[in-house]
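As written, the chains take the letters A, B and C, and residue 1 is the first residue of each chain.
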Amino acid sequence: MQQMSIGIKINNIKKKLGLNQALDGVSTHFEEGLLHGLIGPEGAGKTTLLRTLLNLLTPDEGTVQFTNHGADIDYNSIRSSIAYMPQQQSLYADLSISEHLDFFRDLYQIPKDVYLKRREELLHITRLDKFIDRPAGKLSGGMYKKLGLMCALLQSPAAILLDEPTNGVDPISRREFWDLLHRLSKENILIIFATAYMDEAERCDRVHILSTGSLIAEGTPRGVLERENVESYDALFIKRAAEGVL
Amino acid sequence: MTNIPVNAVDVSNLTVKFGDFIAVKNISFSVEKGEIFGFLGANGAGKTTTIRVLCGLLLPTSGKVKVSDVTYDQGIEAIKAKVGYMSQKFTLYNDLSIQENFAFTASLRKIPSDTLKRRTKELLDFIGFSKPMNTLVRDLPGGIKQQVSLAASILHDPEIIFLDEPTAGVTPVARARFWALIKQLAKDGKTIFVTTHYMDEAEQCGRIALMRTGEIIALDGPENLKKTTFPDPIIELNPKGTIPSELIEQLRNNKAVDSIDSYGMKYHLIMKDSQEWNRLSIEIAPFFVIRQIPPSLEDVFIRLVEGVTR
Amino acid sequence: MNLKFNFKRALSIAKKEQFHIMRDPFTLTMATILPVLLVLIFGLAIEFNVKDIGLTVHDSDRTFSSRKLVEVFSSSQYFNINPSRGSIIDAISDLDSERSKASLIIEPEFEHNLLASGNTKAQFLLDGADNSTAGVILGYLGGIQKAANFKLTGTLVKEPIELKTRYLFNPELSSPWFIVPGLAVVVIAILSILLTALTVAREWENGSMELLLSTPVQPLEIIIGKLIPYTVIGLAAVLLVVLVAILGFGIPFAGNIILFGVGSLIFLIACLAQGMLISVLIRTQQLSMQIAMVTGLLPSLLLSGFIFPLESMPKFFQNFTSILPSKWFMIISRGIFLKGADLSDLKLPFIGLFILSSILIITATKKFKKDLEP
């Protein structure tokens, strides 16, 4: 069930939530098959941007364009090729790993043979196969995130949007998670990864640095640092603050 | 006066059991007054349990615990009075003002109103807070909110302050400011305990205890930990384009290589034997840009915690 | 692609919901304990027939005739005589202190007047504060007066027109007979509105809604999927009430059980849809629960004719109750249960119920938001 690859272009997206200008004119390009890092502290607009891409929020201004799709976006069909992993806990504490997988198989209407193969593959690479009967509420932080990822990957999506999946996860589980993503990235899947951990920028193909609703830098991880002439992303923020931009 | 350093925390042979499960296995360590002490470990390693014992929230199954000269024999309340706790998730009520939050905390701690007044002024000056006291917490920017919640958690002037992932998610600017405050507190003689998964935070600590399955498997300063764990530098391999797929597997099995792991688009390699490696590095030079990098704390963490299980 | 309503997806929601229900002690306890508890409270504890009414008698006459009059009251089984403690004032203060519900005051001239003119009077004071008891006592008075006339004068007073009342369908005017079929209404309303009001709000609260919304699942599929398991629970609860009614209280089931089942089903769906609507609009469990309590309990208990007859309400409220599904199902439930009414008798209530359930489901689906806009 190999899906067509997807890229996303956004142009001048603005979105106000209450009094807060969550996104203030963001334009960028998420390229097919690359691993994009959406990096910024809390309140930078990462979650709002991801939700806008999925049409869970409607932008006040600006456009979202999917490559391989016309201007008229049919989100009902796009939803079956884009997977999403929200930031807040969103699994059912009382359902086991296996019940979660079955539920998402039914939601996505995945044929039985495809499902069985995919399920085995995912359980194997996440090393969760020994825990299939454990309820989500009793999984450790890292295992819970991996289950979330599995549910998202079950449908073999062309793009996957992850909202701070490594937040509060210990370094070992975090690295395992990244290994999974790199493996996926090789299958030509677009990955957009939101994180507040600056040190995760290095692990992406492209980074988009967000601060208070605006992009302050983007490019390859090394390229951004060289262009800005800073040692680290922390230093980039501190430099911008000193320039009075933030 | 003697020059023997005063210990803020003394733990000897601490064991905590929950039924048959041993959460903490016979650990001993001391923390000096004025130290910034990092506590690291995977989920379920026993960090939280240890901290709960030190905060007077959980009785030890066996072993001795002394927190700022107070032991469990003197009662849980005596210990609680000596410690302040700031969690990443919750410290302040969003729908109350700063004034109301402070007053509530003070009433829980039974702080007299004149002391509260004096401490409030001291602490707000300390963090450099200039907004009105009746500002609602939810209207504060993330970085300020976190500084105010630090102030609230040390309202009762505790000797020891526990911080749980204190700067996760805040802007780098606010994080730098927060650590400056923490270092000032340590200088003033307060003892700081930090638990975190965030290696940037761990780097700021004077010493780090690394826990795994209820035991402390390493305890030292960040630089020493790096040196003892990785006597040789780490090799970063940056692929010059697509590399043959079986190459990484071949490298992994090479006798010059201890381990190789992907790190973003690059690979981190740890050598076993430097002479063997020198030969190998010439061989693979056409495929990678090779450079030596200093190990990060994350490398240390993974090596120490996973190295034993592997 | 799969844009249209897909029943399999609805079923997958239903299956997941079933897991939640089976693992949540609260839901299962509510579903079984609540009907039994309500039937016991309403069936046994609340007795609409009033007996053992405290009656203070102040007899200033103390003659053969006055004692005969008191005897009529005491032999009626409805009254317990409290002898007067002295003055007339005491007889009245007994009402204030709730020692008695009524006072009988017999003046000194009672027998004298009777013998002299064949005509005499006694005063009967009634505590009007308790409206429902007072009504029942007034009802008894007519019969007692007749009996007193006969005892005192020895003649049966012939009234010009004698009304003979016979209560059809519930010949003994027994409270449980009247109450328990109505309880089916209350049980379904409370149980189903409450349980469903929580289910969508729960998804919002634990964050799973964000994930669900990012999948191809449609609002109607979520709604139908969530309705299915609760329909089963609701029907089981109705069955429980009917069984207790028949076996526990010996109430005969006069009508067609299938028709009753169909009526229950439509009413159930109306209530579930109402709960769903609350849940869709209110995204927190706590507030949903409070609103469900108010909008579920009050109409079914007070405005459905369960306790207070609709006929005695002001015209406005009588009309207003027509938009409440519980009113229509109350008619259906009592009609089928007690009167053995068939579909042709109950055409109007069935149509009303059907329209209301459709409106509620459509509104709930329409109001279901497919995004996270606040």
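Just so it is clear, contacts are C-beta pairs under 8 Å (C-beta built on N, C-alpha and C of every residue); 3 or more make two chains touch, one makes a residue touch a chain.
Computed from a prediction, not measured in an experiment: that's the story for all the values here.
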Chain contact graph, described as a line, ring, star, complete graph or other shape: line
Central chain (distance from its CA mean to the mean of all protein CA atoms): A
Geometric centre distance via CA averages, subunit C-subunit A, whole Å: 54
Whole-Å gap separating subunit A and subunit B, where each centre is the average of the chain's CA atoms: 27
Rounded Å distance between subunit B and subunit C, as computed from the means of their C-alpha atoms: 62
Touch list for subunit B against partner subunit A, complex: 41-44, 88, 141-142, 165, 168-176, 197-200, 261-265, 296, 298, 301-302, 305-306
Contact set on subunit A toward subunit C in their complex: 17-18, 51, 54-58, 74, 76-77, 79-80, 82-86, 88-95, 99, 103-104, 106-109, 151
Residues on subunit A engaged by subunit B in the complex (per definition of touch): 41-43, 140-142, 167-175, 178-179, 182, 196-199, 202-205, 211, 221, 233-238, 241, 246
Residue ranges of subunit C touching subunit A (in the complex, touch as defined): 1-3, 6, 8-9, 11-12, 15-16, 19-20, 23-24, 206-217, 371-374
